[in-house]
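Letters are used for the chains, namely A, B and C, taken in the order the chains are written, and counting of residues starts over at 1 for each.
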Amino acid sequence: MITFEGVTKRYPGGTLAVDDLNLEVPDGQTMVLVGPSGCGKTTTLRMINRLIDPSSGRILLDGQDIQQSDPPTLRRGIGYVIQQAGLFPHRTIEDNIGTVPLLIGWKKDKARDRARELMRLVGLDDSLARRYPHQLSGGQQQRVGVARALAADPPVLLMDEPFSAVDPIVRATLQDELLRLQAELHKTVVLVTHDVEEAIKVGDQVAIFRPGGRIAQVDSPERLLTAPADSYVESFLGFDRGIRRLSFLAASGLSLDDTAVISASLPAWEAAEQAQRNGEPWLLVTDADQKPRGWVTGDELRSLPREATAGDAQLSPYGHTFGVGTDSLRAALDATLLSPAGRAVGVDDQGRVVGVTSYERLGAAVEAAGPAADPDAAAGAEPAEPATEASPTGTA
Amino acid sequence: MDWSQVPTLTWESAKLGILPALFGLIISVPLGIVCVRFRWLYGPVLSVTSVLYALPSLALFIVLIPYTGLTDTTVIIPLTLFSLCVLVPNVVDGLRSVPEPVRQAATAMGFGTMRRLARVELPISVPIVIAGLRVAVVSSISLATLGQLIGVSSLGYLLIDGYQRAFLTEILVGGGLIIALALVCDLILVLVRRLLTPWRPRRRRRELPEVVADPVAALAGGTQ
Amino acid sequence: MKFFSYAWDWLTVPAQWHGSGGIPVRILEQLYYTGLALLIAALIAIPLGILIGHSGRGAVAVVNLANAWRAIPTLGLLTLLAVTLGFSPLAWLIPLVVLGIPPILVNTYEGVAGVEPELKDAARGMGMTSWQQVRKVEVPVASPLIILGLRTGAIFVVATATIAAYIGLGGLGRYIIDGLATDNYGEVAGGAFFVVLLALAVQALFVGVRRLAVPAGLRQQASQT
């Protein structure tokens, strides 16, 4: 655990970069420091590995005052990732990654093996090991930077705007990679960013800084969106906070309609009758594996000959799907909005149809999630981070 | 034309060209490191070396005669001082050419200052330092021939002897060998650079080769 | 300081200061050779450098020249021309000019080529012709480097003129060469002493020229790098 106790940093000109900071970074979680330029978040980060020393106050790492450690030794136990990667141009990728292990005395083979291991972990192909940094793309270089930081298996990882220098698509991929890594490794990560979306996406805890080096609020992304402490935090989080909050509600909380789902092997006339009975204008046709094939109207079904099955009909594309177990309410809403029929298909992790949504059902789920004040009260819907597994719960 | 002396004379010229550059390197690396660390030192150091560089080499040889006689040393010392004028700016520029993120990353990973210099900053500076060495070696080989005027032997002997005997061929051979020697040394240094820096991107043919540092330019605001 | 005592003994002899072989005469001779050669070299190198820098054509040749000319031994050039041309003044003038051209050319080229594209763009955008662009923007902005090139060129020309005494030229080098021939170290030292003074004076002169000729804004900018 990293603890800041009354930490202040004042520069010779009189600039107060960090003002009486008290912060606790819990083990095994990602703490994101976010705020406008010049708010002291980077200074705070760099005080952890003593690249900057505080003017007053102290910083404890697992209970020990870091001032008592000699900086190089301290730093070898802390991973550090920066915006431009800072890869050594004169070393191969595998030697770059193996830098800290070599520094602390590992044998070259062992360091190289470890490098390969890490390359696989961060999703880099083995063939890149002997290449030089200038031969890699920006995104690849950033991955190497992360691998390098993790090489000596440090418990703490510091990241300073690590994804800001790459284009948005690569950035999103890298953010997902980070989440995946964290799910596997559970490091104590402190990440600095100016992008509040990034903070909400990757952070377990988010500390919003005010200009002048003070913290406005520290909370889970969830609670920040639900209950911002003041108008500064609120405006920092940006508008459409309400919709973004939906990202934290699981789609599993939706009740899905399965009466509109039929198998392709069902006789057409029977399907047509079912449609009429239930008052459904459209039916979703699935194949033998329960995978969606397309939508069909009752009229279309009736126009078919007697022996035909539903699968023989002319089908319209089934449109956007969302993962019932994995996606959020926001994703379900998005899929529904994008569907011309106003209905989105919910699938399980095998791609099999579970049911379909409608605007009414979505509305019900959102309402049931309750007003922003207390997310825990939302009956049945569990606050969950996007892209993590949650077991489907009952109806809202 | 008496060819028997040529090998010895060539060897002498080579010595008088390479040794000053080598000694210059040995002095300028620590000096350059210090100048990067203490920025205020760089200006004065450059001023001193530039002033030295402006002095005709023959004059400097002569100044040393009462102290070191008519030996190789008399030639080597001034040429070493000249090479400082090229090498110190190059060492400084080389160190400054290390991208800031790289230096920061090295510190953050736990490299102490000495280690960082040795393992990261100096290796990255190699191309720029070698560029300076090339100038130093080529200039030294050429300037060392002037030592012949005070009796320090080198390929310059062929020039002087040729002049005294009005023997054009000898002059041409002498001049040609001096230039050839300089070119060979230059090429060797280019090869050394290739060997030491496999990590450098191969420049595309169409890009201009680097213009080598002009010593006096350093005073006016940075080497090119 | 042995060197200085030798030099001092020699130059305190009053006779050194009179006559056609006297110190003042030799100094003037040296200045004459240097000035002439530098002028000719500048007249060739500066326009050429501006042309190449402005148009970009021939840049590769210039850069290679920059690296190659240091290999040419001064003594070689002098003796070569002395033997082929005999007592003609070209025997010393050509080497002085040839060795003075490269630094001037290279620095002028770099100065002009190094003018920021934005500035050139702005000039063209304002409606300046190529020639006006060169005269009003590129040359003034390049002036620090051009003067630097002249200064560096001067270093080499002064040095070469000194050595040219070997093939019979006058100037301060005469003392050195004659002194070496007659084993008169005093004379050699005296000559070297004045050569050093002259070299320093020429450098100081160019620093002064820079102060006068380079617009203040550029000077400050250059010293900030």
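In the analysis below, a contact is a pair of C-beta atoms (placed from the backbone, for glycine too) under 8 Å apart; a residue touches a chain by one contact, two chains touch by 3 or more.
Since the structure is predicted, the reported quantities are computational estimates derived from the model, not experimental observations.
> Which two chains have the most C-beta pairs in contact?
B-C
> Which one of the chains is farthest from subunit A, going by Cα centres?
Most distant chain from subunit A: C.
> Pick the chain whose C-alpha centre of mass, unweighted, sits closest to the average of all protein C-alpha coordinates shown.
Going by the distance between chain centres and the overall C-alpha centre, it is B.
> Let me have the rounded angstrom distance from the C-alpha centre of subunit A over to the C-alpha centre of subunit C, please.
It comes to 67 Å between the two C-alpha centres.
> When the C-alpha atoms of subunit A and subunit B are each averaged to a single point, how far apart are the two points in Å?
Each chain reduced to its C-alpha mean, subunit A and subunit B end up 56 Å apart.
> Centroid of subunit B to centroid of subunit C, CA atoms only: how many Å?
21
> Within their complex, state which residues of subunit B touch subunit A.
99, 101-112, 115, 120, 123-124, 197-201
> Quick one: which bits of subunit B touch subunit C in the complex? Just the residue numbers, please.
It comes out as residues 51, 53-59, 62-67, 134-135, 138-139, 141-142, 145-146, 148-150, 156, 159-160, 162-163, 166-168, 171-172, 174-175, 178-179, 182-183, 186, 208-209, 211-212, 214, 216-217, 220-222, 224.
> Which residues, counting only subunit A, touch subunit B once they are in their complex?
49, 51, 71-76, 78, 80, 82-92, 99-100, 103, 132, 134-135, 145, 148, 158
> Residue numbers of subunit C touching subunit B in their complex, please.
Residue list for subunit C touching subunit B: 2-3, 6, 59-60, 63-64, 66-67, 70-77, 79-80, 82-84, 103, 106-107, 110, 144-145, 148, 151-152, 155, 158-159, 162-163, 166-167, 173, 176-177, 180, 185, 188-189, 191-192, 195-196, 199-200, 202-203, 221-225.
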